[in-house]
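Next, two complexes with subunit A in common: one pairs it with subunit B, the other with subunit C.
Our next item is the complex of A and B:
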């Protein structure tokens, strides 16, 4: 139902024009964004071209693109980038498979569906730090339940250089698959039933129907879920920070945190933050292009 | 004043906000005058008028405040307004003045969240009782401690008057202008002779050997060892050990023996392991453990005064020490690649390990049966010397520094004067704090007070520390990664790991502007 503002409405009688009301809502928000988002963003961009250290009283010296060059030549940072990229691939694809699979299972009449859906959503309602600490106990090689349940002996999930990253990714998949499931369910429930009926009349197989009817129609919303999760996975810090200190599993956010707040290399840390920002924007743009194509189809 | 107010209020004190306005003399004047005129209890609303039933055009009749103040612009009205304004300003000034004087009677100390901070709060309660100055110990969890402190320093904030900062912060704290120079204070109170020499050198002096001091040693600490006395004294174990190694099982006389003992007790099939050592990467854990072995094997982390690393960090002695540290790691519980003080104490409490490396500050909980079922079986010893007699231990602990941005510097200096008194240091030790006062450390009373105090006393005279440059955090991060890569991940040899780390540190020191090698 559409509501229209009558000339005798309270605002009109007080003499507030539509523009005034609009400004009342918009100006505080824009001011907030400028003060707390845009200004720090530009300020840190300035820092990224200096040797500024927040822990020092020395004035910042302009160093041009030196910070960017140093970062791009640093093998430790490249290792963190490679680790992060692999983590994003493993984590997001895992969440996609598990989340979409759960959505397909729940997109049919089953008893207790509401309760089951609610229970499945619980992990993403928890704090990432709490989740990390729980899983740290689960992974414990001496008395963790995972090794016991799977009969894996004393597997050191979080300290083994080859396993630590996957252990963190599994935790992330457990936590965020419900998010993908939720969006997928919304997409699946929006697929018109008559398309399935038409496919059935045409004697299309279930696999054919899935690939030709379900997937194309759900693709845009799935891509949105993937965009969100990719951006979040790229920025993962809390879970990994709490769970493991293994340098081979160090994500770029952890490296950034160390540079910015443990070592107080404010200038180089700002440069690294901008490199990460540009990378995330590039990846997101690729997804958005696919999203637009999927919408057009 | 309260009595006068109560008198003016004549038994009806009005609402809280009204009472607060009565603090302003002009308001009191109006209230009392109106009260006399109306012969009514002087609620503020009544002072300005009276409530009456009024019917506004187009609205229902209702109660409204009908003012009976003089007309705006009249001579009486202007006088009252002037008096009221003056009075309000005077009252405001009085409130501000009194609030400032209250603030001056408070001191805030920033420290990490751990037991010694609680002991300090108990200690400073006595100072409050003596002087009336409230001292609050504000704590931050260890992982955020450095970040929190330096964020406040960088903002030049005055939230903290004193900070109990890590020894490695000295460079950043002093050169960054965050700490007040306490050299005169140290000289006046003769702290270089009354405190254990190593504590003044590492907790207070920067640059090394400069004679400039930035803190007062507060919580002395260093790496020591806890062990299972019942396992060590078991006749069967003793016989088996002697048969295997050719000497008696007991508190190790050197680090080679310590490695032997760890190997002997390492029995994964029985869920029993040799030793729990520091391995964690975030923070400084693995460096503290590794440097203890490097120092004691005759190696070094570098020449701190001349910024030299090559040939010192990657000497044969350093490599030998690091190799044996790795051996100890392999005799630890499974997945022991992310361990610091909490994990070590947990492994001991769970009866998993024969020995555990830890800072002395974490030993009290091992004697508490509520937190350690093995409490009755615990023994403690100082880090033993290396194979060639070099006898060192990694330094922990902190000194207390005066923050440059404090607005209560005089009061904070008075507090420090109280803190360094012998009786205060004694009380500090009794509460559980690790004093650095040499006379107390040397006393029998202190050494016999707990099973680990004697080991602590022995250790505090042989401590060595990490680099304390303003760029220490970068060197530490590189050290953590380098040590971990060899000790836990098992990449390359100890010599290769140290060669690589030495080259990295040389580059970092050059980049920071120190004289190149």
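Our next item is the complex of A and C:
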């Protein structure tokens, strides 16, 4: 005769309590987090106060806040910060305008809406390196399709110091607008239909309804989209790295990469990484504050 | 000042014919209630008048001008939604101010109007609150206030107090009546609650399956239902309806209900003949039209009290007449025990006759019975109906 046991009863026969089972699931994750995230984070914090070079055999010397002082006094790094900030503004506002615009267009009953939405989401599902490489082809001065289509002659998008930043930003906008669109669409479709009916009864114009009803109600979710995109844009590396080497348009993460791996200045690079981290935290904190304010409503 | 006229309104939702050739005129300053069961088309009709729903054919006229092709915003008709539809991100003040600000009213006037409407609705002290912190009754007051601030030509209300508890509904009903009295705007009110309809309406429009069944004052609709649907929809407890046969005996008309047969005045026979009534006849009598007596009297039939429901000011007693049940309204405590033997008769002035097949009333009105029993509860009044 066969007896069947449910998984729980089998575990119970082995004497495993719920807590044991729960721990079995949680411990591996926590262990990985500690080994690969928490430990390096703290270890690199230690490096940031030394002159350690990962390429040399010399022991690390404690230099106190010297690395931080050097970085904050370096005009090249400040230029990188300024470039990054401008890049974040251009890229995120571009994604916001395009993504929210697409969401507004899609937020109505149209045939094939599901398919259309999926197609529009494709760019953000690609690898950034792949995206960067084929946009590099599009931007190519002599045989790229962009110059051909727009009749711009031999405009050197990626090597011109004034254009490179925007060329990368456009690629980023192309890739990540769908993300803003997706979140906006979720926010827009969550606005109850009866509020639009009420607004039309209240004699509000379409524009008035948009600014006074729609926008305030989707603001929280839009802010979430903007927070995500700001953090991501701030640390943009892959797209820019494969597309352009233009030093005038160098983003802070490219600068960081060069310091850490091209020049092997591990100590100062760690210090710079911490400065970037603190900046991103500050910026997101401002958003979170607004978000909480918007959510109170 | 506004008169609303509906001419041959038709509307389909896919294969469902929701409004069927509706014709109605709502006079200026009138309070009309659309009454009917869920899905009868009353809300759709109301939304069509507001411009929230398009109609397939017909004309909607406001003061003689066709408005069916205007957008909701251009019709100058206010609408109170069942779920209030307050703007959640605005305060009460901003909610009330919205219809005024939307058309660019000056700041001073907005402030003055909002505060005066807030005061008249008793929400003056909560102008800075957000809708989420209000009770259901207060949210409804704000919703009504938002409709009133702009002094609309007409006010449409879609089950505005349907989601409130019984006690609050009663309060709000009186308040709505007072507001209509003060503002006098032409109002159309949708409800499935006949008590609301009876107590608020100047005229009731009874609807079923997209068709107007009867339009009349609450008293007309209650006392002279146009068909079986209206007869059974209006009145609580429900009217007794039974297929019946009528014969003549001993100089009176006798009307058979199962084994028992009740006596009715002889004129009935002539009237039925005049109306060319067929054999498929239904008798309708409201519980208060069933007269009871403790002892045997001329014209009374024996019956057994079966279920007794006390309502405080009166009782509803189900009588067993063979296989049939006849529901009677009695003075409170008239019968106290199930199984008690009583005698019953039918008040001829409260007997309704319908053609069973078409459901239409034969419109036969018999004179009031002179020998009404003293046991009979108070005669029908509006107050009596509003249970």
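To be clear about the criterion, the second predicted complex is superposed on the first by the 282 of 297 C-alpha atoms of A that agree within 3 Å, B and C clash if a C-alpha of one lies under 4 Å from a C-alpha of the other, contacts with A are read in each partner's own complex, and residues count from 1 in each chain.
As a working rule, a residue touches a chain if its C-beta (ideal position, glycine included) is under 8 Å from a C-beta of that chain, and two chains touch if they have at least 3 such contacts.
Not measured: the values here are computed from a predicted model.
Because the two structures share subunit A, they can be overlaid on it, and in that overlay subunit B and subunit C fit beside each other without clashing. More residues of subunit A lie in contact with B than with the other chain of the pair subunit B and subunit C.
In the superposition on chain A, contact of A:197 is made with subunit C only, not with subunit B. Residue contacts after overlaying the shared chain place A:159 against subunit B, while subunit C stays out of touching range.
In the superposed pair of complexes, A:74 makes contact with neither subunit B nor subunit C. Between the C-alpha centres of subunit B and subunit C, as seen from that of subunit A in the superposed arrangement, lies an angle of 150 degrees, given as a multiple of 10.
With both structures placed on the common chain, the touch criterion links A:56 to subunit B but leaves subunit C unconnected.
For the pair subunit B and subunit C, the model built by superposing on chain A gives 52 Å as the shortest CA-CA distance. Overlap of the subunit B and subunit C interfaces on subunit A: none, as no residue is touched by both. By the touch rule above, subunit B contacts subunit A in their complex via residues 146-147, 150-151, 153-154, 172, 175-177, 268, 271, 279-282, 333-338, 350, 352, 470-471, 473-474, 477, 480-481, 484-485, 488-489. Subunit A meets subunit C in the complex at residues 192, 194-195, 197-205, 208, 212-213, 216-217, 297.
Considering their complex, residues 50-52, 71-74, 76-79, 81, 83, 85-89, 98-99, 102-103, 130, 146, 150 of subunit C touch subunit A.
Touching subunit B in their complex are the following residues of subunit A: 54-57, 76, 140-142, 154-161, 241, 244-248, 258, 261-265.
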